[in-house]
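Below you will find the structure I want to go over with you.
Think of it as A, B and C in the order they're written, each chain with its own count starting at 1.
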């Protein structure tokens, strides 16, 4: 790589890698970008080994074993777990209240105006676009941000979590529902609409029979995600397992933290199993 | 002795016997061609002799050593002295030609040199020389997926020339080249072998190439030796007999079916990978 | 799923199906039980004073704070969030490769199981939980967020990388081993050129997700926009919070666009 080697006698052979300059340039640019990023991220691995931090951390981790098993705590843990499941279920139920009407209005599969050229065709399009935009806004902000804001208004507790889930998941479910309805065979629904039946009739008799399985399957899958999300939202005070975990960690109670973590992992596995069982039963 | 086999046999896991009871001796510097109909066991033999496969029967001695009685380090050492030219060059498509050629000496280089060479090619002149012998010098810094099948096959040959092994094994090394290029490529392999006293054992589809460049020709059929003779003593009847399973048509470059569909195996194409989104709860729908 | 005999069919709205009916009844009961258990006072929620309180709260976000000094602070927060995500993803990708090699079974069966177990644990613990732990280990600030993201992302990327390694043809690497090269170098020359485009694509996807996550990790003290949002909301400065929210949105959109562009160029 030394310049002496590169500046060899002129010969028939190319003796320099034409890529080298570009590679060197890319590397330099990468370093020039990386350096301020490391500064901004306050990347200082040394702090991990500072005596104070090390002591706190090892003390906390040492407390992980054995996990807390006192009956009083276990009761609390059980209640928090139930609360997490209830938040997820109630949140999805409310999300359906948002998603279903918006999906019915927003989907092109049930468009009456698209059947034939009508005077107010543009009106249908405007409504649909507005509907889709609303769904996008609803899911653009992560549920935990909604949760944080609802906690400010409603105070600590599961209500904030339920509403946050309802809004974000309403947006997500609504968007996916419209897509599912449009991707299934829309001819039966069209035929019904052309025959003069209403939207709801066309939906129930023309679209649902074909799309039902996919719709339920996606909803159940989202419920599984909601269980995880409701644990996470607990960290900003929206109740359930997350709130309990946040408290234990702030009090540096390793035994409780490890018990809650184990419970969380078990819950994730359980939700996974339950959701696949449900999907099978509803298939 | 470069290669000695005694009752060498290979039985695949499914019970199919690819080779049975081969006795061969190749002295150092000898050049031998293997011919025979497809399915005769040519590739299996080359893989056994390259220590890529372990024989199920018999004894095998390569460059004076039994590869399967060596320590791991000993086997590695032995393998650096054996160069194999594959029919479909096993070169990742995104690799540049120079990197693909320099990889020939990875076995002999210390690890740091191999690493360094990924950042900046350590022996540009050497790789260029090897490539120039196959008339591809201008493609040195090209990416391998920009080459045609024939060009890639020549890169595979250049890699082994650059490796400078004591034993060159070649499995249909010129199957994707037109007759003139094929002739020139074999000539380069032969020249390299003569210059350094290396042994060459090549399986060839085109019988005329085998007879022209190799003093000794082995006919292989159904995993057994049909004949093992000096090239001058191979008669037309023997060849017709050897290829009786293929309608007694003796393949030459003029009628080589392999030429028609140059490289049989398409290169593994790397396109935008299908990204599986793990924990896709994060995905917004 | 489709080849099993299905006890009930969803075809035709008039069809009757006992399993479906029972499951649906069970689900309805679960929903009712959930609301009952949570005991949320919805009447209070939608009462007139509560609704007007909510309206006031929403109105207090507008107009967003636009003082130059605050905008500058927000921009710094956004950069810090980006840096947290970028550095976290970068380190996760580098370490992910080291986990992926044993996890793909290159060092024998025991290391394979061990590496897979480690990756599963890293992935199962959510970033926010890692962040609370890392705030203890590294103190408040973006470094804790970087570590938290990196730990979770190692778990995700390590597994994806391992699968990528397992799924590419091994002929190139084997032929190098057959010519006597060592296993590490043979991997670098034979397999890495086949898998690195996938590695980069996975890492970019992950970066997009980590930007969203990094914006939120600040809630537990890991710096960036999240910490600003948490702070301003807790002292009821909604106008400032609105600015931070807008910054979050813009950051996410910008990174998505950039990542799409990069991936498009990579594919050629």
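The rule is simple: a contact is a pair of C-beta atoms (placed from the backbone, for glycine too) under 8 Å apart; a residue touches a chain by one contact, two chains touch by 3 or more.
Treat the numbers as computed from the prediction; the structure is a model and nothing was measured.
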{"item": "Arrangement of touching chains [line / ring / star / complete / other]", "value": "complete"}
{"item": "Distance-maximising chain from chain A - centres being C-alpha averages", "value": "B"}
{"item": "Chain with minimal offset from the mean of all protein Cα atoms", "value": "C"}
{"item": "Euclidean distance of C-alpha centroids - chain A vs chain C, Å", "value": "8"}
{"item": "Inter-chain centre distance, chain A versus chain B - centres from mean C-alpha coordinates, in Å", "value": "52"}
{"item": "Distance between the centres, which are taken as Cα means, of chain C and chain B, whole angstrom", "value": "47"}
{"item": "Residues of chain C engaged with two or more neighbouring chains", "value": "212"}
{"item": "Junction residues of chain A, two or more chains touched", "value": "140, 228"}
{"item": "Chain B residues counted as touching two or more neighbouring chains", "value": "none"}
{"item": "Partner chain C, residues of chain B touching it in the complex", "value": "50-52, 76-84, 86, 90-95, 99, 103-104, 106-109, 111, 114-115, 118, 163, 165, 268, 270-273, 275-279, 282-283"}
{"item": "Chain A to chain C touching residues, read off their complex", "value": "34, 36-44, 47-48, 53, 56-57, 60, 82-83, 85-87, 89-90, 93, 140-142, 144-145, 148-149, 152-154, 158-159, 162, 204-205, 208-209, 212-213, 228, 231-232, 235-236, 242, 245-246, 249, 252, 261, 264-265, 268, 278, 280-283"}
{"item": "Footprint of chain B on chain C - complex, ascending", "value": "123, 156, 159-160, 163-164, 168-169, 171-172, 174-182, 184-186, 188-191, 193-194, 196-198, 201-202, 205, 209, 212-213, 263, 266-267"}
{"item": "Footprint of chain B on chain A - complex, ascending", "value": "1, 13-20, 23, 139-140, 171-173, 175-176, 224-225, 228-229"}
{"item": "Residues of chain B touching chain A in the complex", "value": "96, 98, 119-121, 124-125, 128-129, 137, 140-141, 281, 284-285"}
